[in-house]
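The following pair of complexes shares a single chain, chain A, combined with chain B in the former and chain C in the latter.
After this line comes the complex of A and B, so read on.
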């Protein structure tokens, strides 16, 4: 392997720190001005980071599980992004100070006067909620540590037994990922409206997670490749796979989103429709229709032709687009509970997203400085570099 | 892609160093020889079942669907169960031929043809049920939105009508896809056969195929386009079938996870049936090196994945039924699992969720006897899944005074048996008349057939030779 490690430009670190700094200041001011809103913003950012961090770990596991080789040269990118998981553990703590701001069900007096909330009390109570959140974080953290330990060790030894070990790890993780992501989304987002329920909700967030984590991986991989950070420049064959899967995952999201909306609209039961009606009020209506275009129709049409799937510049734009679309989607899921009178967006929302962007850049840079950008002795690497479409 | 123990070398898809000529001979053999005793026995059994089905069908049409066990409140029963069951079976073929094609999964070549044929036969079987369920099948033409003198129009808001469109589109596209894939193989048969009559038939069917470069490039373009068109169809058909239930307000039917859950279940049941039949077929026709254990193992992995998804959906439904705080919802699910039809629920749950989990173990995935038992259980479990969804949600509805149990009649059982008879009779006829593996596609995945990449220039020439011998 003739891999020569190149450090990422230090400018990137500066940008990361700058965004992080502005974000922290903004979040601080936001909490001082309106802590209620600040907690919702914070939750929005938190869910976005879960999508990227945990979703990236799932992509790593998926590569092992299905025996893919084309993505092996880029696997480190997802491993670096998965390093958000330890940070997420810390970022969870502030949310526990805001449970009363966020969750209606956390108020004992509200539960006392509401028979439906009483029925849900065995699940929706602060104690059990805390236990569940700790379990999710523990699972994500343990698997993150195991996967990165194996991958790092293999850089030194090149032992195929480590690949086998990771394949074995990815099997239970696949199931645990599905369960933890589904229940984390129910806990953090669906229970914001504690009366509302949809069996699809967990799958909906799961679909969004995959799109956004994959978009992040696509963006970073194409950037690194175009700037010569890999051993050899990889081209159309790999780009085509990125483009196709980004396109495919996004269609999956649209399919889930459409099914959920259509079935609730058609059955027209008031205990379900109110959730969409909230998103059709004052200004939110435009936002909801916008979601269809931003998340599905526009990227669908742009990514459909084969020529755009192999165009690196377009792939960079579209992967950033999909990240924005995922944030847009999460905002749609979370914020109508706060902005009940109509749509709202302001500097405090921009602030949390600057924090999120800064954090992702910083974590990525931190990991990239300390590890090889390519899994240099992974036995599948050569097949991945030689990958060609047939 | 399967890699060897060092994760550096791809395992061959076709074993025993089969040459291209061997492939021609082995795959074409069943179409060139007289049927064996075993085949006659098999088709006697299946056509007897078909005959029983035909008699039941006659009773149904002559006396009306009062011959069935359907009652108030169980207005939908075997008719719809069988419809959904067979449509589900028909999902493996197109998944293999379209989606796996787009994903460039080369192992699909060994099983695609057979699975596509099964898809077509399963959709044909499924199509019978809604038509006879209308009670007056001779008026079936009104299912299509055609202008008529009576001014009678279909209800465009009804998912039952969407089913008509979805299923007929699915059948048409699958049939075309299958037919186009057959052309090069029919040309091989045409060139091989010595019988004049056969030659003429194959001549017509192979549309003047000459293996020219232009033939192939048109063929591949058509194949790719059809794969692209078929891909959304794999999802849409069972999604719309799930809408039949999910758009209603019946507890246990109206749940938003239904579309992906039904699609996963359909793929699950389709692969279950493909595996069941292939395990026998590969043995009988000596194709164990073309349809290898590796193929069966990969199908078992798909069964594991989709079975787990289905299990996730069962559990999520159960949880949300409780979480909703809606007494009707939670009643329905508790009634499913612990009510009078609990036996059906637990058959479904164990066959679809518990037993396929055994496929986590490589030994079990690669053991043919155990796989065979497990895939039979998958078939049973998926039939019971539709039974559970349809019957248990209806038999205890909102009005306790109208609660009733459902008992199938002899006619119901006869039609169920007959549907298997119809399906298998068509399948056995297919096995003797058309190549059950795509000859031209398998030739393309034989070792040495692909353009080779040479990672180490100094072993350049040698690498090609080694590839040719097939390690």
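After this line comes the complex of A and C, so read on.
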């Protein structure tokens, strides 16, 4: 296959650096003004980046595991986004300076006077927490390096054995991904309210992760395809699959989110319901109802017809929409612990999200400049380009 | 019998509409062409569709990717049917839940409102999916595939035999506006058809009546349904439900009343009420076992009324009259089987307060046992009213007679 490498426009890099710069300044000012709030904003951004980075790696593993061919032409998009993982390792460090700001259970005096926290102490303590976070990051980093090494090596050699090796890697990663993403969400987000528990929380975050990672892959792939970065244009069949999977992952999120809500609503136990009551107070009530519309009802109705699944412009809008919806969802999960009196949103929240967007663009551009945008010698590439649905 | 069946089957197999007689060739259905490879048929379909033919169809042994596009088929519209029925199913399910739990049979479950949205969502979801699924399949079959199509001129032709095994065929019908035999033949040959044939048929040979409403078919369906229902009923009731654990809960791991249990220290399965417990509708009798004189102050709580007197008469006739007689004169029906009680019309009884009589009924006196178990508190007071009425009737004054009229 003759592949002419085409560089991404340098304007994209400028935009990325600009957003990154504004974001860093904003975060710096925010820490100076109100470090308590800044740590919550930072955690929000951090979780969003985990969703995109680790979720993208999971999509790569999923392609190997199920033997998908249709996604091979744009698998690199997810691989580039997964390059957020090494950055995430660095981004984790500041959070450890804010453990006392974020987590009630990290205060020994609070634990001493609270029998529930005492019972949870063997799990929720700073040492074990740190060990777990290091384990998650190590697993993600190792698999990211292995997957991208295999994929890049194949660009040179075209050795089908490398695909086989990646398939073997993806099986353990599928299990480890589910475990790490679930426990990471429990550690970073559920433990913000250490009295509360939901056995579905890990699955809930996992569902959101898949939607957002897939939305990011969809947006980038459609953009790249329209500007002719792939060796052969993707067809309506690819678009239809993008639309269907975006739609399907979104319904899966709604299913899990509703299941969690209904079980807690039904049991009506005070130690579970208070978490939802926090999100039904003051301005948060409108925000919570808005979540149902933003994350489920509106995208469901828009993506339902076949015609909208093959419409590239609508796909771009909807994938950005789903990314925003995931950020909206994470804000709903994290911020009520800080804004206990009612909903709040301000410049510092916009600042961290600009940082996140800038970081994603920069990382993507950085990888795209150095690697091939298409896995040129992947044995499944031709089948993926010729992919036919009907 | 088996031999007969085999003969019959052979007869059916031998039937060939091509072969019956020359009359069949009166009408031309269309021109058919056969191709060797799937690529050829996709190209041919694209050419035929490109020339503007509309009444044609492609027959392949298995679905071919890309055929929809090649034939220039419209995007399937069955989705609209699914959507409309999905909405209908959603509304119906919501209405059903709302009506059942909110209006028809409101029940408090777990302190929740009669009707609320969260527990209704799963059923709404199921209703939506159910109607969507059924409507999609039926809509596809009936509206878009135009089934049940009873018969086609292509049935039992060599063409059909080929395309249902290993060849790929296309048929352009004669009623297409652009159809001319020569054009179509040339078109087929130019696209690489290895065989072009005419499909003839005779209208009288085509089945037009749908067998769906055939009496035999309908009765077979009903018969099957009835037999299935009856058999299922018996199997479920007598085979399944008579075995553990489907035994209508006849066998239960429970402690019946009056049976022993090692669970409690005194090995009794029943628990005794806490000391001082008063059963519903019963008041303890304070004067139990005390002498008559102590109850003089006890007054009849019931006001005299027709209902009370009738109730008193009823109870008196049942419980008191066997010994005391219907008029309280001590002339009961037991005829010496039991000592005759003194008359209730004595001066002593007349001078007693109601409380005295109540005490006697409740505690018993001399040979008379306590009637507290048989006659309820209110009934005892009603009986006393009736006894008073009996006493008054024994020597009624002129006034009383006037009042009774």
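We adopt the following convention: the second predicted complex is superposed on the first by the 390 of 390 C-alpha atoms of A that agree within 3 Å, B and C clash if a C-alpha of one lies under 4 Å from a C-alpha of the other, contacts with A are read in each partner's own complex, and residues count from 1 in each chain.
In this text, contacts are C-beta pairs under 8 Å (C-beta built on N, C-alpha and C of every residue); 3 or more make two chains touch, one makes a residue touch a chain.
These numbers come from a predicted model, not from an experiment.
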Fit-or-clash call for chain B and chain C when the two complexes are aligned on chain A: clash
Touching partner for A:266 - first (chain B), second (chain C), both, neither: both
Greater chain A contact set [chain C / chain B]: B
First, second, both or neither for A:130, with chain B first and chain C second: neither
Partner chain(s) touched by A:120 [first = chain B, second = chain C, both, neither]: first
Touched partner set for A:203, first chain B, second chain C, both or neither: first
Partner chain in contact with A:388 - chain B first, chain C second, else both or neither: both
First (chain B), second (chain C), both or neither touched by A:178: first
First, second, both or neither for A:67, with chain B first and chain C second: first
Chain B versus chain C as contact partner of A:380, first or second or both or neither: first
Segment of chain C that clashes with chain B, given the candidates 134-142, 170-178 or 278-286: 134-142
Chain B and chain C footprints on chain A, overlapping residues: 262, 266, 388-390
Residue ranges of chain A in contact with chain C within the complex: 258, 261-262, 265-266, 268, 304-307, 388-390
Touching residues on chain A, where the partner in the complex is chain B: 67-69, 115-117, 119-120, 123, 160, 163, 171, 175, 178-179, 182, 186, 195, 197-203, 244, 255-256, 259-260, 262-264, 266-267, 269, 271, 379-380, 382-383, 386, 388-390
Parts of chain C lying in touch with chain A, wherever the complex brings them together: 65-69, 75-76, 79, 83, 110-112, 118-119, 121-122
Residue ranges of chain B in contact with chain A within the complex: 1-3, 5-8, 10, 102, 104, 235, 239, 243, 246-249, 254-260, 308, 312-313, 316-317, 320, 323-326, 360, 450-451, 453, 455
